[in-house]
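Sharing a structure, written as structure tokens. Questions coming.
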Amino acid sequence: MSGGESVPGLEEALAAGLTEAEYGEIRKRLGRTPNVNELAMLSAMWSEHCSYKSSKRILAGFPTEGPQVLQGPGENAGAVAIGRGLAAVFKVESHNHPTFIEPYQGAATGVGGILRDVFTMGARPVALMNALRFGPLDIPKNRALLSGAVAGIANYGNSMGIPTVGGEVAFETCHSLNPLVNAFALGVAPVDRIFLARADHPGDTVFCVGAKTGRDGIHGASMASAEFDEAAEAKLPTVQVGDPFLEKLLMEACLELMRGDALAGVQDMGAAGLTCSSAEMASRGGAGILMDLDRVPQRETGMAAWELLLSESQERMLLVVRVGREREVERVFERWDLDAAAVGRITGDGLLRVRHGGGEVGAVPCRLLTDEAPVYERPRAAPESFPEPEVRAGELGEPADWNRAVLRLVGSPGLASRRHIYEQYDHMVRSDTIARPGGDAGVVRIKGTPLGLAMTLDGNGRYSLRDPRRGGALAVSEACRNLAAVGATPVGATNCLNFGNPEKPEVMWQLAESVRGMTEALGAFGVPITGGNVSLYNETDGEGIFPTPVVGVVGVLDDVSTLVRQHFVEEGDLVFLLGPDADDALGASEYLKVFHGRTDGRPPAPGLDAELRLHAALRSLAAAGISRSAKDLSEGGLAQAAVESLFAPDGSCIGASLALGDSVPATTALFGEASARALVSVRPARADALAAVAERHRVPARRVGRVGGESLRIRVNGDEAVGLSLDRVADSFLHGLARAARA
Amino acid sequence: MARRRFAIPVFPGTNCEEDVLHALRAVAGQEAELVWHQERSLAGFDAAVIPGGFAHGDYLRAGALARFSPVMEPLAAMAESGRLVVGICNGFQILQEAGLLPGAMQRNRSLAYVCRDVWVRTEETGSPFTAALTPGETIRLPVGHAEGNFHLPDRDLERLEAAGQVIFRYSEPDGSLTEAANPNGSRHHIAGVRNRRGNVAALMPHPDRAWEPALGGTGGLRLFESLVRWSES
Amino acid sequence: MSSSFGAQVLVRLRPSIYDPQGEAIRRSLASAGVEGIESVRQGKLIELEVRADSAEEAEARVREIAARVLANPVLEDHVVEVGPDSVAS
Amino acid sequence: MSSSFGAQVLVRLRPSIYDPQGEAIRRSLASAGVEGIESVRQGKLIELEVRADSAEEAEARVREIAARVLANPVLEDHVVEVGPDSVAS
């Protein structure tokens, strides 16, 4: 080994985030002490972020198979067949820690990263979504984080020309120091043109393309695997600045290249940059890589080998080009005015060998960096408080004024319309968005086909905190219910598991129980997981987040003309409530939080069988053109669903009069969050048809009212409980979030 | 009826070119081709529509760096020769920065990107975008921009108004002009303008996103109809 | 008796931070045939009018808000200058 | 033999033009309890490194691009300064 690299010891290994045992293991496997570059690569690749060492065993339990699955977990993104020779390629990924350090750039680069994961597979991105969690908006810092993150997401997605069609936002105290930003992207590719991140042909040339490499984000991977403390704010050099303009060019160049066959494999550069992308590609193909760092286009001078190896400069890709086809690649990138440098070649020795300054400065087996990284079975333990008691309406007392209660709830940051946020996202570019954000699911059509793709992100940290198994199942249930509401059939799911410190047995238990609940629901609905992301150590000064699994489900509409929207359409239409009677339960609900400041209690029981039947009924109603509107019941219960049904995206609105039965107390009837329910409106002439479909699927269907008028009226158990003009509802619901966010 | 041939200049960072292409071809039934910004000639084209997006990243100012693209020369010549040159959104900003249309765009008053439906009121019908409309007619169209706050100094603005160069204003559905209906703070609620001669025009809202009910509106159809009618006259 | 002071805050991206805007301007200039522009960096110029009893007080106040609000220390450096031109009132 | 010159272009909104960004800063300072900030205006600071044979040549070049692109005369005024610090090469 030349290059005069100093040989670090245990102290450096610990500082780089390895444990003493891991360091010992590395020395044993290498048969020697790693030099500084090797240690840098190994510590980054053995970090939680890159190795999944705490979560790998748990993730193995997900269902990942199905006839439609073209690519399950293990690649940059998952892929499922959607008919007409096309594939949907999608994934969700977290950018939590970077967002806390710098909300605008942190969130923006999260979008950039997930887009690269999708176009790396050869798919043209057609839609974006994001799931956000911030602390309460009465704290100015949280307002700044929200507005910074939203502006960053907006700028990146808008500049790329990809519509952001959905997402979700929640506010909890635990996120004041640990905000979450999970970004989702979906692309479309011909099924036979999907590219993989794999290098298996020695002699092929490795290209580094896109942006130049600088010192940004170095150690991002190990940072994302460590808890925050005061000192973290001083770690200034980690901020990466996104350049959506450059990424747009990179995307177009890559997609152009992918129409031909010069590429053997391709991988974007994210965490641990060159190291991770090259080691993963080679190890998937059982090959090695020889890389000459001197040839990497650099933005700064005097970068050390380990800095080049770990840099997380954005908007870069590693391409493996079939030998002899290099000029083709160079020509495409020249046309797009982008750097494309041949930096190495594929070898047969299984090693990642690195040259710098004219000599070899490191050599590590690729598999030691990837598959052979450690995997842990960490201890798990349920908290003593589990299971939580039920919370019944009777023990809470009723609100004095139902009108004010409804206004307060639907105007609260957790439930108010998200338009303050999604109006900052271009959700119409590409002229394919046929269900705009604000509904249960965003839907984009595929021009030239009758197909539509529906998508949604869901997850409720309060539910998961109190019962992670239920929380996981409810997240999947709600996502699939959202898709059914628009008439779509779920074909695949992705997920982002946001949790605290896995070295705490309780956190490991939450993780395992969440995955168990998700798995049960995914199994019941027959939806495979095709990929995802795990973000652990979401803790600051020992304070962790609510366990927050975010589930993204993608569904297909075989005929977009059957799309059902969520808003009421016409005076005189009848409103039906589908699904089982509600329980008298308010545990972990929005109502309990907004009116009693409590996050405790048992979340609703997931009724997977009832869910499955409801989803089938909703799809049948859509396909047969019976339902004119459909809206699932979830957070905020029936009152919230009714309010959301009043407002159409074009700015129009229409009232409704509802009457609810007497099986549960009024509070639960209005605000209970029992699962497997939906509000559907039909023309009066189709009421019988609805009843027949509901009966066929054994779904209880009750007529609860009719559409029309200038107000929302709800009778509960015979009493006129709610009577609100549309103006008053609009003022709370449509503007509540903007008021809180700008305060 | 002879079909016209439209050029759609595409700059690095443009992102609505496919929408405009589709609207011109499939919806308006015209011939249309994408033209990469490095082209030095627009021979064979009757008209040009500059689409929306973020040309050159919209870095420095929206539309500012596009003027360096070679295609701007034949485009200016096209405008000079009286042929139709129109811009949508970023295309508006590019035409302003190139000096082909008056005014400049400031950041939206809200300082945020805004994507939603707005109403615009037709101010005159001598422009390529309004030839098929009636004065005072209001249309619902989507906007999507961060810098659409039209500015012109007082004197120039008066001249613009006097010459009838304002083609659209943001309004309520009934045509009244209110602050709430103005999505970006534009002076005089201006949403679209034309040059004196009338052959160069642009607007901030996106007719290319509103040509069938599934998209949430069909307001854009009338504008494409106008383009076709104007280019035939 | 307080006066009005003019202050200027120049906010620059820290040297190690990538400036996509500046870089895009540089590339556009180069492709437009403008020669010799080796680097472009874009920062902010923030000008304030501050009412204070003395130039020192004005400067102290501007320094504080510059560090706390006007520049983002994670990305940016800044320089404060308080001009001599003050208007008594 | 050419040298590298540093140049600064300060771009300001023309005084008659409302500055929503500056105004937003002023309002947030006021609501955060910072007193005495009477006005805030935000402009751009564009810094260039120019290779030229002389400071005059560098300045001429920067003046030209400043007027042609860096500022938009409908909205903005600008000032060019070429620094003394040059590096021969």
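All chains are identified by letter, namely A, B, C and D, in their written order; residue positions are counted from 1 within each chain.
Following the convention adopted for this analysis, contacts are C-beta pairs under 8 Å (C-beta built on N, C-alpha and C of every residue); 3 or more make two chains touch, one makes a residue touch a chain.
This structure is a prediction, so every number in the text was calculated from the model and none was measured.
Novice: When the contacting C-beta pairs are counted for A-B and for A-C, which pair yields the higher total?
Specialist: Contact tally favours A-B.
Novice: Just how far, in Å, is the C-alpha centre of chain D from the one of chain A?
Specialist: For chain A versus chain D, the centre distance works out to 41 Å.
Novice: Could you please state the distance in Å, as a whole number, between where the Cα atoms of chain A are centred and where those of chain C are centred?
Specialist: Distance between chain centres: 38 Å.
Novice: Centroid from C-alpha atoms only, then distance chain B to chain D, rounded to Å. What do you get?
Specialist: Roughly 30 Å separates the two chain centres.
Novice: By the touch rule stated above, which residues of chain B touch at least two different other chains?
Specialist: In chain B, the residues touching two or more other chains are 56-57, 59-60, 65, 68.
Novice: At least two partner chains per residue is the criterion; list those residues in chain A.
Specialist: Residue numbers touching two or more other chains: 243, 245-246, 337.
Novice: Which residues belonging to chain C are in contact with no fewer than two other chains?
Specialist: If we look for residues of chain C contacting two or more partner chains, we find 20, 24-25, 29, 31, 42.
Novice: Following the definition at the start, I'd like every touching pair of chains, please.
Specialist: Taking the chains two at a time, the touching pairs are A-B, A-C, B-C, B-D, C-D.
Novice: State the interface residues of chain C toward chain A in the complex, per the touch definition above.
Specialist: Interface residues on the chain C side: 14, 16-20, 23-24, 27, 31, 72-75.
Novice: Would you pull the chain C residues touching chain D in the complex into a rising list?
Specialist: Interface residues on the chain C side: 2, 4, 10-12, 22, 25, 29, 34-52, 58, 61, 65, 69-70.
Novice: Could you please specify the touching residues of chain B with respect to chain C in the complex?
Specialist: My answer: residues 56-57, 59-60, 65, 68.
Novice: For the complex, which residues does chain B have touching chain A?
Specialist: Touching chain A from chain B are residues 12-13, 15-16, 18-19, 22-23, 52-54, 56-59, 112-117, 140, 142, 144, 146, 206, 208-209, 211, 214-217.
Novice: In the complex formed with chain B, which residues of chain C make contact?
Specialist: Interface residues on the chain C side: 20-21, 24-25, 28-29, 31-32, 42.
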